[in-house]
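Both of the next two complexes hold chain A, though its partner changes from chain B to chain C.
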Partner chain A sequence: MSSIRQAKHQRIPAFLRSWGGVFGAGWLIFMFLASITARWWRPYDVAEQDLIARLQGPSSEYWLGTDAVGRDLFSRVFTAGALPLQASAVMVLVAFGIGLPLILIAAERGGRVEEAIGRFAETIMSLPSTVILLAAIGAIGNRIYPVMMIFGLLVSAALYRILIGVAKSSRQHLYIDAARVDGMGSIRVNLAHVLPSMARPIAVQAAIVYAIGLLIINGLAFLGFGPGEPQPSWGFMIKDASDNIFNSPWMMVPPGVALSLTVMAANALADALAGPLGIPEYTPPKRRRTISASPAQQSEGTDNLALSVRDLSVVVEGGPTLVSGISFDLRQGEVMGLVGESGCGKTMTARSLLGLLPAGVEVSSGSIIWQGRQIAGLPERDAIKIRGREIAMISQEPMVALDPLFSVKSQLTRPLRRFRGVGRREARRIALELLRQVGIVDAERVLRCYPHQLSGGMAQRVAIALALTGSPKLLIADEPTTALDVTVQAEILSLLRALVAETGMSVLLVSHDLGVVADICDRIAVMYSGQVVEAGTVAEVLEDPYHPYTMALLGANPHVADDAPEPERLAAISGSVPPPGNWPEGCRFADRCQFAASECSVAFEPEPAHVDGMSLCIRTGELRRTGAQWAPEHRGAELAVESEAP
Partner chain B sequence: MPLYIAKRLAIGVGTIWAAFTLTFLLVHSTDNSPGAVRLGMGATPEEVEVENERLGWNRPLLTQYADDLGKMVRLDFGQSLINRGDVRDQLSDRLPVTASISVLATLLAGIVGTALGVVAAVRGRGTAKAVNAFSGFSLSIPSFWLGVVLVYFFAIRLDLLPATGYSRFSEGVGSWLQSLALPVITLAIGGAAVVARMAASGMREALAREYITTLRAIGTPEWRIRYIHALRAASLPVVGALGVQFIVLFGGSVIIENLFALPGIGQAALFGATGNDFPILIGVVVMSTAVVVITNLVLDLLTAVLDPKLRTR
Partner chain C sequence: MTTTVQSNPPAIEVHDLVVRYGGGRRAMKTPPAVDGVCFDIAPGETLGLVGESGSGKSTIGKALLGLQPPTEGTIWLHGKDVTTASLKERRTLASELRVVFQDPYSSLNPARRIGQTLAESLRLIGIKGDAARARAITTLESVGLPSDSIDRFPSQFSGGQRQRIAIARALVRDPNVLVLDEPVSALDLSTQAQVLNLLADLRDEHKLAYLFIAHDLGVVRFLAHRVVVLYRGQVMESGPVEDVTSRPRHPYSVALTAAAPVPRPAEQIDRRAHREALSVGSASTAPPDPKGCPFASRCPLADGQCHAERPMLRLIGGQRVACHHAEQVGVTWPPPPN
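== the complex of A and B ==
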């Protein structure tokens, strides 16, 4: 819709803003006008023979040469366009005249009606149309328009198959329901709302079908079922050329090029009308250039630090910064929560640990020290050795995280054989063991299943088992329970807790849910606008938050601890996270903060907080002294914004 | 799975029935009559009338329909009105020629198209644009013209392949393939273009899926991600496209046979259409539809093998 509306605002329609569209529309119009006016301007009559000048190449007398009886090819090629260009248009009209009502009825009625029409369309679609058209010619004679109408009937079935989905989805729009409720009749709803919203796919299909019609008409003419001599047709001229190919190969050029260009024009028009496809371009993981990472700061207590992230920044290549100056540590066997609203850079931070950032996004500076090694910006060749084996990941949507075309068995045993160098049978045994470890009772049955046969919770358990195939020391869990039911959520969380206890691995849990974090994490890092704003142990941070944003998050959290008094109303945080590239100078939360003051608009260093944590708020000390609490009611922010303006 | 096959089979039978009915109606909707066709130009109206009576043309339409339908089920299409030969015998000699051309062309289109599509999907923007331009180009070239061009270069200028004529499979695989090479290549190029676009978008879509990230996160080698997982996903729409392509290429081969002078079913259809030979026309339509239906059933089975959702139903 939006593109159609856009097009209305500009003077040139969208499809004419590409070379293909200009060529397509231009050539079709030119050919049509040239061919219907040919009789008035062509240099020779189509039947005029010059027996002295037979089978000639291009010359000043005959611009495109002559055929076997000395007729002018230039005159004939341009005259020949009129019939196919018109007959194919009639065919397109017939096809849509039959197809569109069926599509609209099927989309409106659904159920039985749709199924019946669908079956019928599928039957018609599987008919070999060329043979049917020959049979039609044999029965009713060589009459081009009626034959093309029969072809239109056959094509309408294909149109049905292609456009029924579009029609059904355009009926889903709310304004169509609204129109129905308003008492608009079925026909008016279809004409006023459904059809216009299908305009673009209809136009695309019309152009494609038109091109097919041109090919069929000329194919039949090639077989001798054209307009009949001496009237020219491209198809029969090509047939003529093939009969004279030894004497005059040139003859095949004019009709072939004319027909090909015309078909190409219709196809180019279809491509231009369709616009770019909405499928993302695939960029293979390339050797990322090694970043100017700061040297590993091994000095601070390497005791049992598994992961140490320092000043990590992630940027869009040539675009805004997504994550800036992130630092945190993770000890072996520890569970750390990375929390914040969506869009604050949690997932980018987590993915950068695996070197699995989306195409065009990269680590620009800082260091990721994993087991004493710098792994930030590792080349793909080295990063791939860490994935699964040392650091693994489970993602948000378990139902789409597994390949639907492969069985659980195949998806588990493949990596097992690669990671552990075991044979088929042993891999199967370990797979069963892993499934049991993640709490699946009937592991044998699940092993034989395909992803679509699993429930969400079951799929997430399988995904966890998959992540465990390489016995990783760190598991990144990106919103592992968000897509699951509450009861299943609790099960998955206790499974993660049990796995940490059993295997001694560390977990980096990405979540927006403070309840989940409070449930299973040892430490927490609160993120806002691509920065860590507060870090510390879960107990300290959640019970005694230093940073106003953490206070606000806790105030907005509907889960209340058992012993806490029930608040009268939940706090709301006004405004929204500023988008990357639009971060204010100084504190990025200041615009939404109840305690913002003039000093918040200049850059500052994090303050130490809790035992070994930090708080990124210049007023930390002051707020602690006054015992400030985030108020459910919104106050003060406007004033702060004013005082902050540079 | 049995339900799925039964459904496809029912649609196949329905298609053959629809093809028969449509042609029957076409044949009976004209003022031409088999008697007139059979006796030729010289016959008097009285003689034609007698002949039509003898052929049962004057019976009620429904009686003829039921009668012809019953015979069709027993693969009896009667005699040709022109050469008086048995239609089934004449066509069953010709069917293998057309079927070989269209099956080989579909296979070639599938292989070449998939390869092009995969390359377009994984090799970056430049290659994708080149493949897309090639597809757009070859989709627009009429096969019967491309055939003439190929004959000119490969048969006449380079003298690599025979320009026309058919060599039976029983006369040797080499000469059989040689005689089919040009027609098959001619037909396959357009099909390959369609398949290439399908495969490219299928691969791109698959590679953007979440499970690809899962595979990456456990260190799956890139070749495995592309050529086992993504290609398998892309193969589903490709096989679907091949079913449609087979119908298109079968129709194309009917035209192409004329150019390469191959004794296929298309030539029979052409003679039947020129001479109003009704039994031949009905026979050609029914038998061609049967070939298309059988091929599509095979492809449906292949889809079921590839897609566990269909298999485990």
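== the complex of A and C ==
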């Protein structure tokens, strides 16, 4: 099976692949090592005074100058690093030592335990931390480590607030349940599975808290709570420098730079650990593409043609082709199904019609003629006039289309006012009408609802109503019922059918379910590896498929006729869809095809098939003549070991 | 559901299972996620569990696995009461009762090699080192994966292959009962067929008992011998899978079977007409009246008795049906499509 991808071992941790991470980690390690070893290599003792060379700038004798009593700033700055770097680390350890167990227990037990721990954390967080710190110093004296441990306790409550959500979502992973089913104890589950999956947020928070600790320690030193003279500290050195700011402004530089670089390093490390933010956003293509096919080449004699796609190719910029040479027509009022396995390019094809391809993915050639106009690679400012008004889209996850922060009413009336130029009152009336049109009985109540108050089926109805606000002539429905229960799916399919009959719009339905396509579509295009491999009317293609891939998909479907016996084994297709960039020469299905022969490995043209359809198989004619059928698996076939990955 | 008298106890037997999420007074007011469910599964048999989302299918699986403690009821594994088995007892039980989850992406720890995942499970029963490795390799091969998979990470496998690994993980301790919680729902059609064939092969080879949770009746019909139809935590109908899918006797089962589309356009036109003639209502979010039939708010046959009295399971033909008017179903209702 070719889909076992080659192992790509990345020995360098991700956070060290950015400059911030290298600087952050590098500086902290350097400063730490330099400061704890300073006593052995520093040129002067920290207390050694040279009263002749007071308040000096850098010189060959004193590299970073001297302070008001002639002590060497170079020696003092490096020596001063040791205490804050270590005390802050102790604070971080205490904070996580207290916080993490509480977080893990709360996430595991939930309910009352979580509530109690949450209350406790909130109580601690509501205490004024500065006052407590000063009170602690008052009580236990000027001892930095115990004071920072108390501060660590306060911080652990904040950590709880930040990390409890991470812990809870990490417990949702099914592998945690699987480990528990194994009989693995609670502590082991937490150590082996929960904590490692939280490693990144924990590391980020640790770096942030560390930076805060450094600032607090030096802030306290600035106020006079720190290592007593003559022991140096950055905070006290800054205080000293500010007292002498008019005599020797230079004095501020060494401790100031050391402190800010160290705090910056911890923050840079936190940023690098957090990694790049989220997924790349959609940016519609800005440039106009060179489009090869001219509109004149449209198929002739098609009076009510709404959409005509010719030789459409979609590529990743500087990367593989995702969709190649797709052609199909869609008439007014017609419903077409685009089917195929995941990764065949169905979604990319559908999105290219709306100019909504992900960043870095673009139409490279071919044409999309919509109502006689070329819309492939249209600049955003023109595409936006078509999107929503003429061509609308609904997706698998209705909640993606609905904004959780706004009521159904405001989500429907805003586009209505924009698309139809109507007033507030009229928009509300149309919104109600649309909700009734999508089969919502208590439209008044639903209008006041927020998305989270709607069930999946209801949300999909509202999403369809939203798509209808611009009175589109083409609706692109990407797996509109995949996330729904079968009874709800049936309702939505009936609704779409009624809408097509009522409004005369066309629908392009993306689905992997041949039953859904049989229910609602007039025509079908079967996709495999970025190509259409068979097209025609639904009745012809599904009742009498020409292409081996279509035959196999039908054979893999367990929905037999009511009175037919269930097959012993289904017709599986061995292997999996080859990833883009890894498509074989000639027929892309050849690796998995039961009928593959030598002629299949050279490029060939689609054969006409059905009425006005096609089949992209060089052996189409021969297979038809011999009446070839895709054979189901024999018993036990799945137990045979796959061939090794290439 | 007691079948014929057997010398061997069923692999799994569940009696009057009730599961509530959460505790306290508030939780007692909401209807339980699972409400009085009974079933049994013989060795080598597959019981399908179908119903819409939220009907309590996975909760039943979790209760069997000890992931969610039952509120009431009893669970027997090979005749032994395991309802309140402790974690320690579970560790030995875990060898007999295993699970495969729906999502092949979330059910394997992405940071661990396949071998580590399998070995972790074996270590808990004292098999370590080379012995564990050898057993892991044999198991991987038994689900059709090459032995070098053991040193790879989950990200290097496709969805179907990951599901095979999840099955291997379940099989590595040589169990005899598997809870399969929607094991093929996240897979593509061709991969789904591979995994279904594999599950059928393994069952026939090792005489495994499956609790097969699914929402797709076609898939259930392929793999299961008997089926339980669940609605809002209650059993609406149960019986041999051919009977329930081709001659459903409960209005909800009728709606469920009619709603599943088939990839044969001519047949689907009839089915669609049939489905639209049923006039079964959409689900409402309001909880049903605990006194009456849970399906009453959607049922075209509902009358006063349905709202006042909760129907008990009755044996009609080969099926058990919880409906006051089951005799009418298939006779005077549904109406012929016009």
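In this section, the second predicted complex is superposed on the first by the 456 of 646 C-alpha atoms of A that agree within 3 Å, B and C clash if a C-alpha of one lies under 4 Å from a C-alpha of the other, contacts with A are read in each partner's own complex, and residues count from 1 in each chain.
As a convention for this text, contacts are C-beta pairs under 8 Å (C-beta built on N, C-alpha and C of every residue); 3 or more make two chains touch, one makes a residue touch a chain.
The structure presented is a predicted model; accordingly, all values stated were derived computationally and were not measured.
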| item | value |
| --- | --- |
| Which of chain B and chain C A:Asn267 touches, first, second, both or neither | first |
| Chain B versus chain C as contact partner of A:Ser242, first or second or both or neither | first |
| Touching partner for A:Arg387 - first (chain B), second (chain C), both, neither | first |
| Touched partner set for A:Phe595, first chain B, second chain C, both or neither | neither |
| First (chain B), second (chain C), both or neither touched by A:Phe328 | neither |
| Partner chain in contact with A:Asn557 - chain B first, chain C second, else both or neither | second |
| Partner chain(s) touched by A:Phe151 [first = chain B, second = chain C, both, neither] | neither |
| Which superposed partner A:Tyr450 touches (first chain B, second chain C, both, neither) | first |
| Contacts of A:Gly515 with chain B and chain C, given as first, second, both or neither | second |
| Residues on chain B engaged by chain A in the complex (per definition of touch) | 11-12, 14-15, 18-19, 22-23, 26-27, 29-30, 32, 121-122, 124-125, 128, 136-137, 139-142, 144-145, 147-149, 151-152, 156, 201, 203-205, 207-211, 213-222, 229, 232-233, 244, 247, 250-252, 254-255, 258-259, 265-266, 269-270, 272-278, 280-282, 284-285, 288-289, 291-293, 296, 306-309, 312 |
| Sites on chain C touched by chain A in the complex | 22-23, 52-53, 62, 65-67, 87-88, 90-94, 97-99, 101-103, 106-109, 111, 117, 120-121, 124, 141-149, 152-153, 155-161, 166, 169, 173, 188-194, 196-198, 200-202, 204-205, 215-219, 221-222, 242, 245-246, 255-256, 258-268, 272, 275-276, 280, 282-283, 285 |
| Of chain A, residues touching chain C in the complex | 1, 3-7, 111-112, 172-175, 177-186, 192-193, 196-197, 341-342, 455-457, 485-491, 493-494, 512-519, 538-539, 542-543, 552-563, 566-574, 576, 633, 635-645 |
| Footprint of chain B on chain A - complex, ascending | 119, 122-132, 134-141, 150, 211, 215, 218-219, 222-225, 235, 238-239, 241-242, 245-246, 249, 252, 255-256, 259-260, 263-264, 267-268, 271, 277, 279-285, 354, 356, 384-389, 392-393, 395, 397, 400-407, 414-415, 418, 450, 452-453, 463, 466-467, 469-470 |
